[in-house]
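By written order: A, B, C, D, E and F. Residues from 1 in each chain.
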Amino acid sequence: MNREERYEAGLKVLNSVDGEAGQRVVESLADVSPELGHQVVAWAFGTMYARPELSPRDRQLVTLGVLTALGGCEIELNVHINAALNVGLSATEIAEALLHTAVYAGMPRSINATLVAKQVFADRGLPPVSNLS
Amino acid sequence: MNREERYEAGLKVLNSVDGEAGQRVVESLADVSPELGHQVVAWAFGTMYARPELSPRDRQLVTLGVLTALGGCEIELNVHINAALNVGLSATEIAEALLHTAVYAGMPRSINATLVAKQVFADRGLPPVSNLS
Amino acid sequence: MNREERYEAGLKVLNSVDGEAGQRVVESLADVSPELGHQVVAWAFGTMYARPELSPRDRQLVTLGVLTALGGCEIELNVHINAALNVGLSATEIAEALLHTAVYAGMPRSINATLVAKQVFADRGLPPVSNLS
Amino acid sequence: MNREERYEAGLKVLNSVDGEAGQRVVESLADVSPELGHQVVAWAFGTMYARPELSPRDRQLVTLGVLTALGGCEIELNVHINAALNVGLSATEIAEALLHTAVYAGMPRSINATLVAKQVFADRGLPPVSNLS
Amino acid sequence: MNREERYEAGLKVLNSVDGEAGQRVVESLADVSPELGHQVVAWAFGTMYARPELSPRDRQLVTLGVLTALGGCEIELNVHINAALNVGLSATEIAEALLHTAVYAGMPRSINATLVAKQVFADRGLPPVSNLS
Amino acid sequence: MNREERYEAGLKVLNSVDGEAGQRVVESLADVSPELGHQVVAWAFGTMYARPELSPRDRQLVTLGVLTALGGCEIELNVHINAALNVGLSATEIAEALLHTAVYAGMPRSINATLVAKQVFADRGLPPVSNLS
């Protein structure tokens, strides 16, 4: 595959995982670093996400763990909580994954990511999550 | 104590330390992860904060150090700078603790936390802090 | 459940997930902070890991993402790469999860975690992982 | 040099590097921690930036790397992307430096910093950057 | 004060807080970056630690919080757990401060710092800490 | 270019920048995640480092900033301090770049990176750096 074909292949994976939210991030880079947008599409999605060794659902569980732990990734968490819903994780599973991060990354990181999930769930018209033991 | 009693015990500690600000964080989680709100109250406050081995004032000094170093914790810093005032630290001591973090966490983390303190002090109608040597 | 019962319940979960490696971490804390060891067992495992909303395998995917992103968690990654194998992730899936983190946490975090996996796989006598596309 | 002279010397360096943006950060600290503002000027700029062992342009390349990797430093990145332009880095070089960080700090940190650069370039009326290979 | 006097003033503060452990860090920098050693002594201790707005004991509580949260600071934690003992914190208070960080920085950071404390307490011949509730 | 050609192109860049140290990292991944080794070579070096928009020397300044700020990257800092020398930065400039990071990332990160530089400089038989003002 040449550079353009890698981009096209990546765009299909990006759209199947992130939907419109991913596209918007790439577009926001168009007039400042189109090459970064290209690498997100062609490398991150075309090369890495496209690999069959881990399912899209499993990749989002890892991704939610990484983004929550990094902190300061609210934009990306919004994209990837949407992605997590797109690839088959339920709102309850996502809330639980973010709750689980409190053990390893502490309460503030877990709370911040959960408040992003709250916004995404509301934007998509999902009902409240009740996960009390 | 059962689960409900641990929550009630935690709520008393939470209120004595964080006041209304802590309650608002717990409430913001009610429709997305009430269990996370429960753990903040029952575990963080009911189990950890309630221990007598360290005074509430000392716990806030440690907490301010952790939250400043983590970065991206402006919401939590707002709660805990309020908490620090509630448990007996003066505005001058808080500003100094945040100044001190510059040595270990660098200027940007110290500045970001100090700007949160500026907002909290203004919200509470405190006079300007003058800590020039 | 009282405090002692929560510890016992947590110990069963800890052993089913982490095996001996988790026990060794708890024991290493015995003469400096036995309460921290208690909270790892009773809270992290007895309360958080025991929840049915997410499978043990899914929890390890999130955990690997968090620990890799945090950095400086080689001890904990060793425990949880072992745990990941214990709860049904294959060596190939673990290597892929750590490869995936490179997109979000960068190459150094991904490499460091992968080198811990290399050690764990060797300690358990697993064959080399070949994941070339 | 006495304390006041160190401040004056630092202010000259600060102005030559950061311009007005740096001044605004110092002023924002005036009523909460003027000593922190003093240390930014007198120590960071008067003592550290003033050293001849590394050029102002080189210092900004290091600074952009550090601030991008830390995360949560959008305010400081705004100041230092302006500074980078002030000391001779082109918009293309800045975009490339931030693209480069993706290798080591991951895509989200690189994207977040690049979006700050987009804002700074627009504020200064610079034309779009086209860095496609 | 001139540069040399600031160093001498800082050295007195460094020795009163960190004792020999701080000196060893400064000496280890002598043949690679003596200016960094100078700044640790003259700025961090001579200028920042010397300020009266916060007691040495309070500064160590903040420092322990920052260093634990940063991660990867085992060398510095060793110095500052020693320092914490030097300025009047008991081993039990230090263990509790590090336990407290688990709420905000997560279990791995808390465990890693506590294992450094275990080594420091053993090096100084202190008896085991028993902090079970 | 096909996959194999991208690897070969990347290997030339890797060798010109990192020398043997980079090769050793790639080889250490061969039996656990050869794909990660491939991506380091083909993507990080073949695609990103190969771009002409920033000189190799400038890329190392950014890289040193990122790796120092991340913390816990001693292995990678060793490789890239070697790389920095390979592409024309002097030991004095490297020490100064690491000193500069103290302003933004704090003293511990700066000290830890400087101690890696000390080892690299000694391994290469370089004379002591004297950078006192």
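Keep this in mind: contacts are C-beta pairs under 8 Å (C-beta built on N, C-alpha and C of every residue); 3 or more make two chains touch, one makes a residue touch a chain.
Source: prediction; values computed, not measured.
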Common contacts of chain A and chain C, by label, are B, D, E, F
Under the over-half criterion for shared residue numbers, do copies chain A and chain B use the same patch or different patches to meet? different
How far is the middle of chain D from the middle of chain F, if each middle is the mean of its Cα atoms, in Å? 22
Chain C-chain D separation of Cα centroids, rounded to whole Å: 39
What is the distance, in whole Å, between the centres of chain C and chain E, each centre taken as the mean of its C-alpha atoms? 30
If I count partner chains per residue in chain A, which residues reach a count of at least 2? 35, 39, 44, 48, 51, 66-67, 70-72, 76, 95, 99, 102-109, 131, 133
Looking at which chains touch, is this a line, ring, star, complete or other? complete
Interface with chain E, chain A side, in the complex: residues 102-109
Help me check something: in the complex, which residues belonging to chain D touch chain B? 3, 25, 28-36, 38-40, 44, 66-67, 70-73, 75-76
Taking the complex as given, what residues does chain A use to touch chain C? 44, 48-49, 51, 53-54, 58-59, 61-70, 76, 92-93, 95-97, 99-105, 131, 133
Show me the residue ranges of chain F that touch chain E in the complex, using the header's touch definition. 71-72, 95, 98-99, 102, 106-112, 114-115, 117-118, 121, 128-133
Touch list for chain C against partner chain B, complex: 35, 39, 43, 47-48, 51
